[in-house]
Every structure is written in C-alpha cells, then in structure tokens.
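First subunit A sits with subunit B, and in the next complex the same chain sits with subunit C.
What follows is the complex of A and B.
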C-alpha cells in the first residue's frame, strides 16, 4: 500500500523534493511509535499531518529536525534525507540541521526577553548579521513575515511574554523565520489559540509557502483542508495515506482515512 | 488539683465525650447514612467543646495568676525597704523561695498546714527550719518577707482552687452542651471545621507574635543601650574596644569595624559559594545523567547538614594552616596567623555551596521545557541555551537564592569565632584576622556580664543592627523574586 502511494504517484519532480524519508522507525524505549513511514515532502508546499491523538504525527515531525535527540530514550531508524543528504549521518551536526529546519511548537514559547531579542536570538548565535543595522533589518523583515511588525514596531524592547497568545505564536513563527530556514515544522501551532488568532496564523502559513516548505501537524481537519496542498494521514504509528489534500478529503483510498475524516474514528 | 492532673482530667473527659457523642449520633437515626456528618465528626465536636475552652482557660490562668498574686503580695512589702524596681524584684524572689520552702516543709511534715500560717520570726528560726528541708537562704528571714510569703501561699492556694473549679466546670459544661445538641441533623462537620480553622489561626498567631516579641525585646534593650552610650559614637566610631575594668569607663563601642568584618567575610564566602554552587547546579540540572544526579545531589546536600561548629573546626585545623603555609611567612608573607578573613570566608563559602546549588538547581529545573525546545529548535547548542535562555529566565530565583545565602553568611557565628579570630580591625588585607558582629555579640554576653552596663547592652544594639541588615536583604530578595517571577509563567 505504501509503495503504490509513495513511489507510484508522488515522486513528481526530484528538484522540488525537500525531505525524503524511507522506512523510518521510532522507538520510545520498548514502544514502537513509528512504523515504516516513508514520505516525500515538497518545497514551497504546505504538507499537513493529520490523525488521531497518539498516532505518531508529532513524533515523526520531530524526526525531521532531530528534536528527538533531546529525549534520551528515543531511538530513530531509517533513512531521512534533506536535499539528498542523510540528516542522521554522524557528520551532520543536529544544531546546524535545526538552523535549516525551523520549528514552531504547540504552545507559544517566547523567551523571557524583549520582542527584539526574541527574534535576534537565532541570527545572533548563528552570526547572520555583521552589524547592528543588519540585525535590525533581519528583525524587521522577520516580524513582517510573521505579520506582527505593525503591531509591535513601537514596542520592540518590551517583553515578548507580554503579548497576547496569538501575537506570541506569530512571534515564535517570526523567530523561527529569522534564522532563514528552508523548512518550517509546525506542531499544532493553533491549538492554544482562539479562532481569530488561528485565522491570522493560517493566513500567515499560506504566505510562508512562498519561501519555505511548511509541514504542519494539526488536529483540525478543516485547518488541514484550508492551509495544505498535501496531506498525510497517520494511524497507530503507520502512515496510512499520503496524497493531494483535495484527494484525501474528497476521494480517500483507504477505508481508515475515510472513517477518520468523516468522524468515525479518532 | 495540680495543673497536669487537671489537664489529664479534661483530656479524659474529651475522650469520653468523643465516644459518647459518636454513639449518641448513631443512636439518634435508624441508619447512620442519614446523619448530616460522618459519626466521627459528632464525637470530635463533643470532645472539642469539652477540651477547647477548658484548656484555654487553664493556660491563661497559669500565665495570669502568678502576675496577679505577685502584685497583691508586693503591696505587703513596705516601700522603705527597697530603692528601685530591681531591689523589689530581689525581695519578691526571696518571698517566692520562702513560700516554696514552707510548702516543702508542710509536705515533708516538718510543719503543719496551720503551723505554716502562724509561723513568725519572733518565736522561731525560720532560716534554720527552711534549711532542714533544703531551701538555703542567704540571710535571716525578715518578718515582712515571711508575712508576704504566707500571704503568697494563701493566695496561690485559693487561686488554684478557683482555677480547678472553673476549668472543670467549663469542661463539663462544654461536654454537656455539645452532647445535648448531638442529633442526626446537627452540622457537626461544619463545627469541627470551624474549630480547626481557629486552631490554624492560633498557630499562625503564635508564630507572628513570637517574631514581634523578639523584635520588641531587642528594641527595648537597644533603647536602654542608647541611653547609656551615645548613638553617634556607636554608628560612627572606627574603634571597637570594650573595657572590662568596670562600669562604663572608657569603652569604645563602634559598630563599623564589626560590620566591615561581617561584610568582608560574607563577600569572600559568596565569592566562593556562588560560582561553585551555580556551576554545580548547571551541571546537575542540565548535563548530568540521571545516575550521576541521583548520587551527586544528595551528596552535595549532605554539606548542608553539617553543623557549623564542625565547619569551624575544619577552618581552624585544616583551612587556616593550609593558607598559612601558602600565604604565611614561609610563602608570600601576607598572613601572620591561621585565623583570617580568608580562612573563615572560604569555609563559610563551602558551607553555603549546597544552599546556592540546591536552590538554583530547583529553579533551573522549574524553567519550562518549552524554553529549551524553543532554543534548540533555532539551532542553539546546549550551552548557548543555558547561557542565553535558561539562566536569564531563572535569574530572579537565583538572585533570591544568593541573597538567602548572603543572609546566612551574615548571621553565621561559629565559623567566625574559630576561623577569623576576635580582633575587631579595619583592614583591607584579607589575610588579617577580623571579627564580625555575631562573634562580638557572643563575646559580650558570655561570662559574667552585668546587664545594665553598655558593654553588655551593646549586644542588643548589634543584634538589632544585624537584624535590620538581614531583613533588608530578605525583603530585597522577595522583591526581586516577585518582580520577575511571572516572566515565564
């Protein structure tokens, strides 16, 4: 099943390919959390991971920037390539990988610093700016990309924790954008936000697609339908179906996918 | 009845009340599920009403009765026989001793109860009589003292009878009322909880009142000191040279050299404790594996359990001689003896390491994992995350921990006495012997001290000054912690 999905229909164009994952297994201690997942993630595309709670979609997302390395009992097997390079190869520094593959978390987690310093944190540690003026430029650009500039331009020195929930999440997106990543991973970025803030973030995701490959984990099928072009459905650690979003929601191939999107499981 | 028996009696009454109240409640309904409260609450309610008011009255009576009796009896002492309140106090303590002696004599059968009342100094040798029952008096018993003692005994006996009556009456009354009220609809649970609330309030009040009492006792003695010694001298004099020759006579009691010693030693201690403690905390909380942490953290905390006198010995026998071989005459030649600011400061620093490390470790662990994830996801290394995200987020708490350690350092005594010497000196050389406020409080109050002389009273002024300094530090710590606490919540 996996073969006819992935290999058969979805290798559209090798040049657009960002991530190529083959037979990925993840173990938490003795628990086999991800089983044989193979997926191709395209550049300048929003890919949504959907599925019931505990199905492994967040775990798989965290494999893509090796955030699972910070969990001692977690073990990842299989082949994950970013632009044709194995990201789990010993010569790859996870720290540098994460600068290329940014991540936004479920709960907004601004640092207890000023808005400016929140954005400047990444560029500073990676030495992206040669002087203060360039850093200012990066901060402004990132905040504009995060659709937050107009709201905060007069109070850049105020703490980032003082913003509203939706603003905080956009600050976190802007912070992730500031290191010029190639891929942006989002782990349920709207689940802690109210509908208005959610709409703003969704709009932002659509704009980010111009420059980045975006992978978003979401519990909301409407959200997946609204923002993504590709959708992957996970169930019990397996990748059940991966296809164009329209196809998944209108004409799913697998009965489990159909049950989930019509609300019978999950 | 003696107070202890009285106490036991009402305790027994309360226990009986518990059993009976419980039974009555159960008997008052056909099914104990129909009771308003669980059966035990009815029992506790009866026990509480029998015990609570009675024991309160008992306690209050035991405190107040001696005061009233003293007041009554002291009127019997003619005003010409004493000069001031101090002399009256001495006479009154004589009266109490004689009264006690009479009581013992009656108990041993040397005197009859009636005989003790009619005894008088003209016809018998009271001093010899009391001597036979083991109460030795310094001088012959004066007639007014004997009379006062007899009056004292009578009043105390009457008081004890009234107390016994009142307490027993109250206990029985409480018991009866609560027992009579007990039936299935009584809201015993709410009553018991109200009673508990008052118990909690009482406990909090005791803690607060004790603090106030300590401050007041310091304050009065401090005021007394400033009557005997000019305050300007105390705060501005650069010399500490109490004379022990006699009253007053040429003592120089300046606090500045002592404060200097206190701060110098504390700063050395913090310079040792803060970096070591903080680095240890960072290692333990962020880098150490679970197994290392499980061993290292308790080991570090053992340091906090060592009594300070043991640290003092360590300073005296190990740190001092060690420093002396390096910085003494055979080495750099800066140090003339084992006791020095460095000796005490380094030892105190070791003592403070677990304070700083343990508190900082907790605070670092309290920084949400989301902060770390956020930083790692931006491609930061562990040490960048630590320096630029975790430590700034934990800073208010760490500052609080450091200030707490500082107030420990300022209040520390034993290490100073053994490690830093006793010479009050204003010097910049950290290898000189110096002393601190606390060590001088000890030396001013140990031995035979006259509590009316400024040389002894200065201890209270020193204590008050120290209290104000540590209070300011604690308030500062609280302020900092409060101001920045919400940052990552």
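What follows is the complex of A and C.
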C-alpha cells in the first residue's frame, strides 16, 4: 500500500534512482525507532531529512551505509537497495558499501594527521592510486571539490585538527569525496559551525550535487529549503511526508508536516 | 532565580547588606576552609613521609657506593709463583690463593715498616684482618692476566676488610669492636697511621654497581651487578610477552568482543587477577613452570614468565582504558571512509591510545621490577649470583638473582656491612624505577607530538 502511495506520487524515473528503501524497520533493543519507512533517493539530487529531535532521521541515514552495524543492540529490517542491489545481503561487506556511500558527521572529525593524510587515507586503503603522483592528484581534486584547496594548498603537511571548524568540516567532506563515492550522507554537517562556515558548506553541497547524490539530515528548515530539491519529514520514527522541497514547504499534504514547518511541533 | 527564598524582594524581609555574611554563608565558608585545611594537611603528611623515606634511603645507602682500599707494594717473586720460569699459564694456575696470601702479608708488613708504623703483631698473618679475604685472589688474577709482572714489585690497591671499611664510614667504632674477634683496637691504630700516610683511601666503588654477590664473610666485595643482569633478562621476558599479549587482549576485548555474559566474566576475572597477591603467582609458577614443565629453577626465564602472569592484568586494564578514551568520532570517521574494523583499530585507534598503553606497560614493568615475593618461590632468592651469564641464552637459562631479591638477601645477612649494601641496592632500584617513569613520560610526549 505504502509502495504504491510513494511511487504513485513521485513518478520516479528508475534510471535516476540511487537508493530504494522499502518498509525499513530499525530497533534499538526493544525500542522500535524506525517504522515502515519507504523512500526513493535520486541521483544528482540533494535530499533533506527533517524532523524534530529523536524522530529517527539520523538513524535512517545511518542505515544507508550500514553505520548502524557498529551499534551492537541495533537491528535493521526491510529492504534497502543501492542501484538495485540489496545492501543488507549477507555477502555484502559494509567496507565496500561505505566506499561508495561516503559519510560526513555532525561534529567535524578529521583524523589527527596531516591534511594530506586525511584525504589520502581513503584512497590508500581502497587502492585507488597506483603511485604518489596519482595520489597527489586525488588529494588536490578532492580538496578542490571540498572548496578547501586554495586555503590549504601551502600547508598540506600541517595537522588537519589545526584548521578552523568550518575548514575541518570541509576537510571531512573532501575526505568523503576522495574515495569517489556515488552518494554522500551528511548528518547535520553544519550544526557545529558558525553562520559563515555554514554558508560555505551549503554552497559546497550545492556544487556537490553535480557529481553525487547527497542526503542531508538537518535541524534547520531554512537549510533544507536552501540546499535540497527533495525533502522527507520524519516524525516519531515514521516518514510522514516525502516530496519536492518546494511542495513540502509551501503546500504540505499532512497536517503534522504543516505543524512542524510552522513551528508548532518539534 | 531558583533560590527564591534568598531574594529579599520575595522573602519580604528587609534588604540585607552585602557586607554582612548571613549565618548560612558563614557556615559554608567555614566548611570550605576546613576542607582546604584537611587537603593541605593530607598533602603535607604525604610529603613528610616522602622526605623521611628519601632521606633515610640516601643516608643509609650512599656509603655503599664508596669502599676503602689499602695501597701496598707487593713483590711477585718468580720462585714462588712460577718455579719453571716458562710462564706457562696452566702451570702457574697451580699456585692457589694460598700461595699468594703470604706475599700480601709481607707487603703489608713492609708497608708498615716503610711508613714507620708500629707493628704490634709478630705474626704477619694477623695483619690479614685489615684486608679483604679476596685480596690474595685479586693479586693472583692480576698476575695470571699479565704473567710479565712476575719478578717485579707492583703497586696494588687492595680491598680493605669490611671492619676497616666500617671504621672509615663510622659504622665500626673502638667501643663496638670490644667483643669482635675479627679485629682488634691495634688494627685500627695501624689504619689511623696508614691513613695519615695516605695509603688508606675511601673511593667510589664501581664494583658495587657492576660486581657480583659475595659470600657471607666478604661483604666488602659484594656487588649488585649480576643480579641487575638477572633483572634485565627478566624484564626482557616480561616486555616480550606481556606487551603483545596484553595489548592484543585489550584490543580484542575493547574493540571486537561482543558484549555478553562471557565478556563480563572475562572482565571481572581480569580485574580480580590484578588484585591477586603476587606470591600466588609465585607458587603457580613453581608448580607449572618448574614442577610440570621442568624449566630450570632460579632462571630469569622462569622469573620473567611468573612476572608476566602478574603484569598482564595490570597492562590490560590501563590499555583498555586508553582505547576507550579514544573518541568514537575517530572510529566513525575511519569506518565512514570505508576502513575495515581492523584498519580502523590499527591505523587510528591504536596509535592514539599508544601513549596511554605505553604508560600502563612501563608502570606494569616497574611493578614487576620491584616484585620480590614470587621470586622467593622459584628459587631466585638465597642464590649467590657470582658470575655474569656467558651469553644471551645463558642469561635467560642460568640461575641468577634479581635486584629486589638480592636486596632482600643482603638484608637477611648478619654482617651490618650487608645492611648498608641493602640500602645502596634500594637506591639503585629506585634509580631504575625513576628512569622507567621518565622514559614513560618521554615516550608519551614523543607520541603526542606526532599527532
């Protein structure tokens, strides 16, 4: 029923489909955190997950690259497909999945290593570069994509932890980009940043859309409105509404969505 | 806001002056003052004990680092030492220390005559109370090492006996020797005279640091060097086993093991093992390593194995704490770029936890270095460590003692000269412990700078 509902409403072109999630359930021990979530995430699109605290949007995001595997009491059910392949299939190694689905976290978390090594780490462990020159190339390209190259090109050997908060977060984005992922998951990437750094990261997200599918969890409705083309509203573990961002913010179908965006719940 | 009753506008009472403390504030201020006084008192008490400890150790132990020597000219006649004149070492070795002792006696008599010191003893042998029983062996060793000396007269610096040494250090007085059969007041007169002549001197005693233990009757020539080597080999065993095993166990428990009842049991048992008295590990080592596996007793290998058992939980616990202290965001970052669990641990978590782990390892090693009780049970106490091991393997396998065991052994012996040496040994042990702690700090700093 829900399947028909979503596909009927979105008329998704299957070629643009990146993630297809159906009836996803997440349990933390006995706590049913995500209930029957079905969603389609498109390529070359920014999808925003919004909703009040504890509504499960971050939890669902972490299902998409199986980061929930690291939490022992967490159990995920349902079908999540990346390019038509079930990511929870027993033969799937989450390591390979995460190389294709990069992640940026709430708090900037650069490795306590040099800027260069931060970017080069992913390509190194995945064997993406055959020699130093290729690796240098990847590092430069990734830092350019992370809109950080001009600021750090003269001090690549300095520790990444010495950068400002906004620079650190862009470093983390560049690090995620360096493994050539297809999807970038961002879990409230701007919540620890000041307004100027936030604006820079938002601008960057808009640029990243040309090459990647971006999924961003955010507390800020303004941010969702600014950067995303699609928006999903979560409430109490349910996906209440998923539609074009413009529609969600101007003409929400569900009364709960309307209450949230007008500031009455959340 | 929350403390509405203190707000005069709400309580209805008149506005109070800030200059006057209300009783409640006074009580709180007094409580804080009392607590500060307790704290200062506690620290002062601790410092006092530390000062007393260090002072007494230094006061008692420093004399062990100097030793009294008597300089004499010893004639080395060919007819006594090498009748054939062929300088054949095998033949020369047949002359034992009994052959050399009279030469030393003669030299002493000559030294007294030369310096105009009155010699009350008709028999030269009585002068032997002045010098160590090892003096003749000292001369013999020199001659055998260099046979060309035969036929000449050489200057020797002979070790004085422990009574003479004690007299110079103030341990032995004319009153205290009244009932001592080893030495007479006349001997002390001779020493006083020779001292004026500049032949008796107290100099720094390297042999105490590098030498071997000696029998009960020769405290003046006992050193801690060989047992230091024993301790070194034990520490090599402890480091070589407990570092990899302890760190691997800590990593497995902290990063890989699933949280279940079994993990809980393991965890509780590790904590309990850290509190088990060390003598229990000693008897365990005795039954398993010596009685069951027939490893040589008194060997540093066995000592090291026993101390490893004791050290492991003391390394695993701080290593786990160091791993837990690495922020989870680092693990997420590594997993997020597609590192495997193993890569996450080896590339990121372990290097960050390394300073903490190393501190734990070095402190565990320092505890093991000072441990005596388990060594009692595997025969590393009471053994007189007279020889340096010949090679690396021997170092692990041949019987030896350890520094704390040697100190314990010396403290048991009757001669007060050994008491002084026990204190000196403690100084050396503390120097090593301090060196290890400084190493821990340096390593920690070095690793921290890299990140």
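Points worth noting:
The definition used in the following text is that the second predicted complex is superposed on the first by the 260 of 266 C-alpha atoms of A that agree within 3 Å, B and C clash if a C-alpha of one lies under 4 Å from a C-alpha of the other, contacts with A are read in each partner's own complex, and residues count from 1 in each chain.
To be clear about the criterion, a contact is a pair of C-beta atoms (placed from the backbone, for glycine too) under 8 Å apart; a residue touches a chain by one contact, two chains touch by 3 or more.
This is a predicted model, so every value here is computed, not measured.
When both complexes are superposed on subunit A, subunit B and subunit C end up clashing with one another. When the two complexes are overlaid on their common chain A, residue A:105 makes contact with subunit B and with subunit C alike. When the two complexes are overlaid on their common chain A, residue A:217 makes contact with neither subunit B nor subunit C. Residue contacts after overlaying the shared chain place A:24 against neither subunit B nor subunit C.
When both complexes are overlaid on chain A, the residue A:70 reaches subunit B and subunit C alike. Touching of subunit A by both subunit B and subunit C, each in its own complex, is seen for residues 65, 67, 70, 95-99, 102-105, 107, 109-113, 121-122, 125-126, 159, 172, 175-176, 179. Taken in their complex, subunit C has these residues touching subunit A: 258-259, 327, 329-340, 343, 347-348, 352, 451.
Put simply, subunit B touches subunit A in their complex at residues 368, 370-381, 384, 388-389, 392-393, 486-488.
Only residues 65, 67, 70, 95-100, 102-105, 107, 109-113, 121-122, 125-126, 159, 161, 172, 175-176, 179 of subunit A touch subunit B when the two sit together in their complex. Across the interface of their complex, subunit C is touched by residues 65, 67, 70, 72, 95-99, 102-105, 107, 109-113, 121-122, 125-126, 159, 172, 175-176, 178-179 of subunit A.
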